[in-house]
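Heads up, the next two complexes both have subunit A, just with different partners, subunit B and then subunit C.
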Partner chain A sequence: MPFLLLASYAFYFIADPRYLIFIAITTVSTFFAAKAISDKKVSFDVWFKEHKKEYEKEERKALKAKEHAAEKKIFLCCLLFNLGFLAVTKYTNFTIANINNIIGAFGNQGQISFVDLIIPMGISFYTFQSMGYLIDVYNGKFEAQKNLIKFALFVSFFPQLVQGPISRYADLSQTLYEEHRFDWHTVSFGLERILWGFFKKLVIADRILVPVKAIIANTDSYNGFYAFVGAMFYALELYADFTGGIDITIGVAETMGIKVTENFNRPYFSKNIKEYWNRWHITMGTWFTDYIFYPISASQFMMKLSKKSRARLGNNLGKRVPVYLSSFIVWFTTGIWHGASWNFIVWGLGNFVVIMISQELEPFYRWFHSKVNVAGTLGWKVFQIIRTVLIMSSLRMFDCYRDVPLTFKMFGSIFTQSSLSQLSAEVFIGMGITAYDYLVVFIGMLVLVSVSLIQRSGSVREKIATKAAPVRFIIWYGLFMATVIFGAYGIGYSASQFIYNQF
Partner chain B sequence: MNELIEILNDLHPEVDFTTEKGLVTGGILDSFDIVSLISEINEEFDVTIGAAELTPENFDSAETIYALIKAKLDDED
Partner chain C sequence: MKKIISTFLILCIAFSGLFLATKLLEPKYMSGILEGAMIGEYYDDPTDHNVVFIGDCELYENISPVYLWENYGINSYIRGSAQQLIWQSYYLAEETIKREHPDIIVFNVLSMKYNEPQNEAYNRMSIDGMRWSSSKVNNIKASMTEEERFVDYVFPLLRYHSRWSDLNSDDFKYLFHRDKVSFNGYYMRVDVKPAEDVPEGKPLADYQFGDNAYTYLNKLTKLCKDNDVQLILVKAPTLYPYWYPQWDEQIADFASSNNLSYINFLEYQDEMGIDWQTDTYDGGLHLNLAGAEKMSNFFGKLLVEEYMVPDRRGEQKLENYWAGVIERYNSEIERQNRNLELYGSVHEPDEK
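Right, the complex of A and B next:
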């Protein structure tokens, strides 16, 4: 275990030695705050059990409240310190830019200079992971970890430093601290998963990235139909890049016998956006639900607001207020978490709007399905999947173009400037990749879809494991050779960073 | 218990809440439903359910939800 911690810190050191200070501060502050809260809880519980009968009901309540307030102080100090740290490193320049815009609107006087801050790799991931742990300890879900080395490993476990997933202590600690002996089964499964990740990343994502970049860079030429193509290519690129990266993370951990939480569950097979978000970047979604959406929704303030809004707006409309307000906050936070710029905020709020509209349309859907018997048919399922892909890809154009007015312009151009004359094969070849590249991507995509379809009836790896040795060898060797031969290397390609690195 | 069943029926009229045991794990109640539910419970029973208590174990059936409400009411006594 100390070796794993050393490896994790070495990983950080190689990236930038200064990063170590940041992760160490989060680790130490969270460890001691959680330990203090946990120790207080345990000693109070023991004391309370013994002395409970000596006090009246009201006194007992007061004692509990006093204890709770003391724990809350430590909890809030640590939470605000670490979230403040995250906010300062990630959002200072964004705040300055917005203040400058406001100042500029009043006559361009007194502009504030930007500051040169270090943004440590994976800071959002390890901060969220640590704060999740702190909140769980504060809520009494489990006792705090007593060993600083063990806790430091939980925070910095290197395979997931780059792009998550955001692990929960209760899950990851189950296998992280065990002694692991060499096991051929887990090693082979892990290597297989790593190989699959590289296949997605190098054969599909990095190859299709080239035309995506060309489309984004030349918005005057590539509008209308090409904006639509760009959105579709980007959807494929992001999926292959992000899930490929997570496959590598999970695979690396698996070779060491450590089980990391799954982060995707074939999201593009979702029938609506709400379901999509339960199946895409799952650990982030559940983190936001458990640690932001629920605490806000269940807060005293929200309960009072709920009562007031029901009294004023009636039961039907009033009960929507807490759900809508909490969702708004969650999606705003999700947006800004993805990046300190307005395009991400608008993207987040776009998701909020779509989810709320589909929520409101539910009675209509129920009515529709009572009249038209299509639910459960293959055609309807395909329609739902296409709808999910189109909506999510449209929203992701904010992430793709990274400029709010430009995104709206390009989205509008799909409907106003698309024409059949744009359907020219030569233009596609002019985007930096050849017909051969498109063929490779297409075959790669077919493999991806086939694997997803097989996954519906259980783990693909388990299925491969039951095959005879020569068959398994052909599959592994084929995947390896496909990645080596068809991976995007050489002039014009560079194995780009993983997209989620920056978060 | 009847009041609780009524609240649940309002949320999902198509579900038989007297027998259903997998409300959260079976995907019947989502996070929106749970938030609506706790605010209605707050209104009806005058008990506050905290975020930490919003777990699948507590919300998987009408029975477990009612047990949570009862525990809260008893705790106040």
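Right, the complex of A and C next:
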């Protein structure tokens, strides 16, 4: 275990030695705060058990409230300190830019200078992971970890440090701290998962990245139909890149006998946006649900708001107000978590709007299905899947163009400037990759889809493991050679980091 | 036992696949850019050389070892490659001295103008053909540009994997063998493109050769002295790239202070009889066959008369070896002349 911690810190040190200071501050502050809360809880519980008969019911309540308030102080101090730390490093310049815009709008010349802050790699991931742990300890889900080295390893476990998933302490600690003996089955499964991740990243994501970049960089040339093409290419690139990266993370952990939470469940087969978010970046979605949505929904403010809105707007409409407000906050924070810029905020709120609209349309869907008997048919399922992919790809255009007005313009151009005359093989080749490259991407995509379809009935690796040795060899060696030969890496290709590293 | 055999078989198949893929995807340099194949050809020459030329195109396009053999009985080889940098020359010299013991190493000094690694493609052409040794390892380390990684030299598949879409019939034809592209390191061209309007050198901000270049020139000097090999510094007579007087002065000073010979052939153009209307194939950058033979005639005489290089004609082993090279040499002259007549170029139409 100390070796794993050393490896994790060395990994971080190599990226930038200064990063270590940031992760150490988060680790130490969270460890001691959680320990203080947990120790207080335990000692209070012991004391309370012994002395509760000495107090009346109201006195006992008051004692508990006093104890809770003391814990809350520590909890809030640590939470605000770490989230403040995250906010300062990631959002200071975004805030300054917005203040400058406001100042400029009023005609003032004075501008606040931007500050040169380093943004530690993966700070959003490890801060959220640490805060999730703190909240769970505060809520009494488990006792705090008493060993600083063990806790430091939980925060910094290197395979998941840079792009997640955002693990929960209750899950990761089950395998992180136990003694691991060499097990060929685990190691080989881990290596297979790593290989699959590299296939997705190198063969598909980094190859299709070239036309994606070309389309985004040349909006005058690539508008209309090609803006749509760009959105679809980006959908493929992001999926292959992010899931590939997570496959590598999970695979590396698996080779060491450590189980990291799955982060994807074939999201592009989702039939609606809500389902999509239950299957895409699962650990982030559940984090926001458990640690933001539920606490806000159940807060005293929301309870009061719920009462008031029901009284004024009626039961049906009134009950929606607190839910929608909580959802709005969740999607706003999800957006800004992805990046300190308005495009991410609008992207997050776009998700909120789509989910709310689809919820409001529920009665219409019910009416439609009572009239038209298509629910459950393959055609309807395919329609739902395509619809979800198209909506999510449209929203992701905010991520592509990184500019809100430009995104709206390019999205609009799909409907106003698309024409068949735009279609040309030469234009596709002009995007920087050859026809052979497109063929590789297409075949890679077919492999992805096939694997996803097979996955519906269980682990593909388990299925392959039951095959005869020559078949297993052909599959894994074929995948290895395909990755080595067709991977877009090395000289001639610009090395691209994993997209989610930036968060 | 069964498990051991199957594991062994799997490993054999896996490594064979990787080996085959590497062989298929690595560039062959059998047409078009031939320079990449030249370094590797040296190992096929079983003879011991009295003179080894080490350097860039100013050697491998300007001197004909066949001419030196036929007219002076000098057994020589040119370990040349395109834009060969001085540290590459040094490590090639080091490797050469480990393999054989030439009397003389001739080094062309134009590469002194480069103080840092330059270009990955040229590095590859200079290094890939070398056999693995400490010289190759150090050569790679000294030559790598920022974009390069050592591991890509160890496993060429990592570098050349992207050639899968450029494979042609040559890649299959030369999977396990190569044809000879040079004549003991000489790259032949018989065509003529007169030197006209050769530009003068532009003034430079700094004429001083770099520290790194000097370090390797010192190392090369020491290497030769330590191994009792005579080092001759030369500057080929070609007109471009421009050879500044300030550069010439530095090399002359270096040679003088290290007791080395330095021959600037630019000063002997008339004595050699170089005619820039007929003796260059690319307007003065490199000599063609006629020019190279004139220079070889002049230099061969110097080597014999002033450096006492022996005439080894009559040694049966060498005669046999050179008979083969001369036959190829003459056929190539015929081939290029025929192509010139038929197509107006030394290349055949389908040659890239």
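Here is the rule we use: the second predicted complex is superposed on the first by the 498 of 503 C-alpha atoms of A that agree within 3 Å, B and C clash if a C-alpha of one lies under 4 Å from a C-alpha of the other, contacts with A are read in each partner's own complex, and residues count from 1 in each chain.
Methods note: contacts are C-beta pairs under 8 Å (C-beta built on N, C-alpha and C of every residue); 3 or more make two chains touch, one makes a residue touch a chain.
Bear in mind the structure is a predicted one, so any value in this text is a computation, not a measurement.
**Student:** Which of the two partners, first being subunit B and second being subunit C, lies in contact with A:8: first, second, both, or neither?
**Tutor:** The answer is neither, since A:8 touches no partner chain.
**Student:** Using the superposition on chain A described above, determine whether A:30 touches subunit B (first), subunit C (second), both, or neither.
**Tutor:** Neither partner.
**Student:** May I ask you to decide whether A:89 touches subunit B, subunit C, both, or neither, giving the answer as first, second, both or neither?
**Tutor:** Touch partners of A:89: none, neither subunit B nor subunit C.
**Student:** Of the partners subunit B and subunit C, which touch A:263 in the superposed model: first, second, both, neither?
**Tutor:** A:263: touches no partner chain.
**Student:** Examine A:300 and indicate which partner it touches, taking first as subunit B and second as subunit C; both and neither are also allowed.
**Tutor:** It touches subunit B, and subunit C stays clear.
**Student:** Which partner, subunit B or subunit C, is in contact with more residues of subunit A?
**Tutor:** B
**Student:** Between subunit B and subunit C, whom does A:130 touch in the aligned arrangement: first, second, both, or neither?
**Tutor:** A:130 sits against neither subunit B nor subunit C.
**Student:** So, does A:274 touch the first partner subunit B, the second partner subunit C, both, or neither?
**Tutor:** Once the two structures are laid over each other on A, A:274 reaches subunit B alone.
**Student:** Once the structures are superposed on A, label A:477 by its partner contacts, choosing first (subunit B), second (subunit C), both or neither.
**Tutor:** After superposing on A, A:477 lies in contact with subunit C but is clear of subunit B.
**Student:** On subunit A, what residues does subunit B touch that subunit C touches as well?
**Tutor:** Touching subunit B and subunit C on subunit A: no residues.
**Student:** Okay, in this complex, where on subunit A does subunit C touch?
**Tutor:** So the residues of subunit A touching subunit C come out as 434, 436-437, 469, 473, 477, 481, 484-493.
**Student:** What does subunit B use to touch subunit A in their complex?
**Tutor:** 30-32, 34-36, 38-40, 42-43, 48-52, 54, 77
**Student:** Spell out the part of subunit A that touches subunit B in their complex, as residue ranges.
**Tutor:** 57, 139-141, 274, 289-290, 293-295, 297-300, 302-303, 306-307, 310, 319, 322-323, 326-327, 359
**Student:** Which residues of subunit C touch subunit A once you look at their complex with the stated criterion?
**Tutor:** Subunit C reaches subunit A through residues 6, 10, 13-14, 17-18, 21, 25, 120, 147-148, 152, 157-159, 161-162, 164-165.
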